[in-house]
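Shared chain: chain A. Partners: chain B in the first complex, chain C in the second.
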Partner chain A sequence: MSLVRQSWLLAKNDLVQELRDLEMVMTAAFFTLVVLVMFALSFAALPAADQTLAVPGMLWLAIAFVGALTLTRIFDREREADTLRAVLTWPVDRVAIYFGKLGVTLLVVTGCGALLMPALALLFPAAEVFLERPLESATLLVLGCVAYCAVGTLFAAGLATASGKNVLLSVILYPLTSPALIFALVATRALLEGHPALTTYLGQLAALDAMLVALASWLFEPVLLGNVVKPVRSAPRRRPMKE
Partner chain B sequence: MLARLPLVLFAAAALAIPYSVQRIFLHTGIEKKMGTVQKIFYFHVPLAWIMMALAVACGIAAAIQLRRRSQLAESISIATGELVLITGLAVLVTGPIWGHATWGRAWTWDARQVSTGLLWLIFAAFVLLRRYGAAGSERLAAALAVFGAVDVPVIYYAVKIWKTTHPSTDVVGSLPPQMWASLWPALGALVCVTLGLLLVRIRQEQDQAGLDEAWIALDTGGK
Partner chain C sequence: MAIVPLQLQGLSKRFGRLVVLRGIELTVDAGEIVALLGANGCGKTTLLSIAAGLAPASTGACTWGDAADLDIEARRRLAFVAHSTQIYARLSARENLRLVAALRGDVGADPNIDRLIARVGLADAADRAAGMFSRGMQQRLAIARALLGAPELLLLDEPFTALDFAGRTLLGRLLLEERSRGAAILLTSHDLDAVAEVSDRAVLLADGRITAQASREGSESVVSFAERIRRLGTDTRTNAVQELAPHA
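Coming up: the complex of A and B.
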């Protein structure tokens, strides 16, 4: 079974469980709404010129907060039911667990970003570009979220195995994701200002995404298990996930 | 010999520091534009170089620790990570002092300032995680150090492009060769101190690990 298929099956398993109670999606969406209201109350009277500077900050700060909230919950089912060990014994590449969780986190965080962008456009005239240039806006949102979630998922996994000290996630996450967030801020500002370098910034953000995903997937197994002893996988023992 | 190496390094530093200070203050000219305050350059720049080198060393040691389960690599990553925090703090204190006297503002959001600040935050998180993390968080801290080392150039570039939309700052221009010549003894003295501290801290961590193993052996042997 290919890595993509393994990752998809693991992500689907999480999504099916999430669809039963929508706990993570609802809390993340509500948190996004609360942050939006707070931004609206704080910055409603901001002059149009200053909005160009403030809106990228609002967008990516909100995503950083929502991302941290989602990442603290992403391994909760495994931790609460103590099933992480069971997941690790599944006959799949362990990096597929990373990609599966990354996919779910990305879906939730990007979904919240998709709520944020039009809402910011309605609240602040400078952010109307988000609606006027939806393709660039969506690309920017996805690329920024991939960088953030790629790092976050690795450390959320590590903390899930470290006796539940999830409070440390924010301590780790914000300094480590700051370069990705700065790249995203620069690109968002270029989008709002109609700067011609937007494509270059998006390309750089994509390169950063590739580097972070590669590094995180390389480190996932040693972080989660503490060693790199590969399980012996003979052909008959490998079974499809559906069985 | 290896056990005495820290003492040798500290002794060398004890000689190099007074020599370096007298050379900087008595035998090196005063920079025309910045005046006496430029003397901080001889401490600030070597400290910044040492911090960067330690950050990269910490990342490499942490990667080896993760991939090969090496106790020595773990000790090195802890020692270098903590020293990044100390040297980084020194850089973040001396930099704004210099900046305040030269630019009139202690913090100008210059790319180097921000990238140093962010790097310091990453290694502060590393030390916090090592200190307060639960069992198993040493692997997480190692991954953090790897990301921190890889982030060094990324952060610098990110802040640099971010700065393109901000007012530019007149950073220090070129210095005459005799001023650069006074930099090397200061660098040597600081490297000696750093290496001495590094070796002492590595030894402490190795001893700690040895004691832990002895304790476990005693505990399991008693049962």
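Coming up: the complex of A and C.
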């Protein structure tokens, strides 16, 4: 069975469960709406030049928080039912677990981003570029979310099976994903300003994504399980018991 | 020489300064049911977790048949029923089993799934969400899931938990059927009567070591074997595992 098929089956399993109660989707969607309202109330009066500086931050801040919520919830479900440990004993490539979770997280996070971008465009005139250049906007959104989710999925999985608590995810996640988020933020500003280097930024973001996904998938099993059992070269010698 | 489905050699496990397992030597042969007994917190679940590949040992070796590593093919021959049922609550019983069958690459698994669901007595609830099941029903589902691939090695942590009398009898029958099929079975339990009914051998884990064992002799009765299991003790003067002989 191929890695792709196993990843798809695991992702589909999560999606089917999510469609039964929509808990994660509703939480992410409502959070996105609340954040939008707060941004509108706080920054609507900003001059257009300042909006160009503020909108990228609003977008990626909201995505970062939605991402943390989603990652927490997607692994909470596994932790509550201890199902992740069950999957680890099945004849499943463990990297498929990573790609399955990554796929679902990415779907939710980019979905919220897809709500955020047009909404920001409606609220802030400087962000109308998101609607005027939908292909570049969508590409930027997806590439930025991949970078964030690639790292986030790795550490959320590690905490799901360890004794760490959810709060550790936030402590670990934000510092580690900050470089990717900042890069995405800079690329977003380049998009809003019509900067000629946008294509270069997108290319670099795509390369970053490839590196992060490769690294995270390589680290996934050790992070999840720790060291594996290694055969000893010889039997341990017994110490004679004292009388 | 026959390949042993599960072999633990010099296995030790420590959590920081706490040593949970010390130099465990244990084999489980094909067509054998071994019960691992011991007080709460003595390391039974830790040992099973290591055997299931869920936790690394600190030292020692664990081999699964001819595999030194529990890779995908080795995991195909193994099944683990944990203390928690590890069931997807939002999926039905059938969907839980279909997921595992699909991940295993089993084509046309539905008839086998229906058979297994009937075998564990869940036919009437097969399409109900597993989260609506009682604990005992979830346990039956977990067992059905473990039997999906006709495993060569079956690891069960407290499988009799939450089962009613009918469930206990059913599980006992299932385990004996799996043993007849040639599966190697290692289980933990505090239910000594259930252990005596199904096990060929019982080993006692104490102070991180296997300190005593009892093997069923010939046509020894369940009552006699259960009584010997109850008397499993530890001779701390030596490292020898105490073997309790049957009564004359």
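Structural remarks
Heads up, the rule we're going with is that the second predicted complex is superposed on the first by the 226 of 243 C-alpha atoms of A that agree within 3 Å, B and C clash if a C-alpha of one lies under 4 Å from a C-alpha of the other, contacts with A are read in each partner's own complex, and residues count from 1 in each chain.
Here is the rule we go by: a residue touches a chain if its C-beta (ideal position, glycine included) is under 8 Å from a C-beta of that chain, and two chains touch if they have at least 3 such contacts.
Computed from a predicted model, the values in this text were never measured in an experiment.
By the touch criterion defined above, A:V171 reaches chain B but does not reach chain C. Shared-chain residue A:A86: touches chain C; no touch with chain B. Of the two partner chains placed around the shared chain by superposition, chain C is the only one that A:M1 touches, whereas chain B remains out of contact. In the superposition on chain A, A:D21 contacts chain C only, with no contact to chain B. In the overlay built on the shared chain, the residue A:N13 is in contact with chain C alone; chain B does not reach it.
By the document's definition of touching, of the two partners only chain B reaches A:L219; chain C does not.
Residue overlap on chain A between its contacts with chain B in one complex and with chain C in the other: 226-228. The touching residues of chain A, counted against chain C in their complex, run 1, 6, 9-10, 13, 16-17, 20-21, 81-83, 85-86, 88-93, 225-232, 235-236, 238, 241. Every residue of chain A that touches chain B in the complex is listed here, in rising order: 151, 154-155, 158-159, 161-165, 168, 171-172, 174-176, 178-179, 182-183, 185-186, 189, 201, 204, 208, 211, 215, 219, 222-223, 226-228. Within the complex formed with chain A, the chain B residues making contact are 66-67, 69, 118, 121-122, 124-125, 128-129, 132-137, 139-140, 142-144, 146-148, 150-151, 154-155, 158-159, 161-162, 165. Against chain A, the residues of chain C that register as touching in their complex are 9-10, 23, 50, 52-57, 59-63, 68-70, 72-73, 75-76, 78-80, 82, 84-91, 95, 99-100, 102-105, 129, 149, 237-239.
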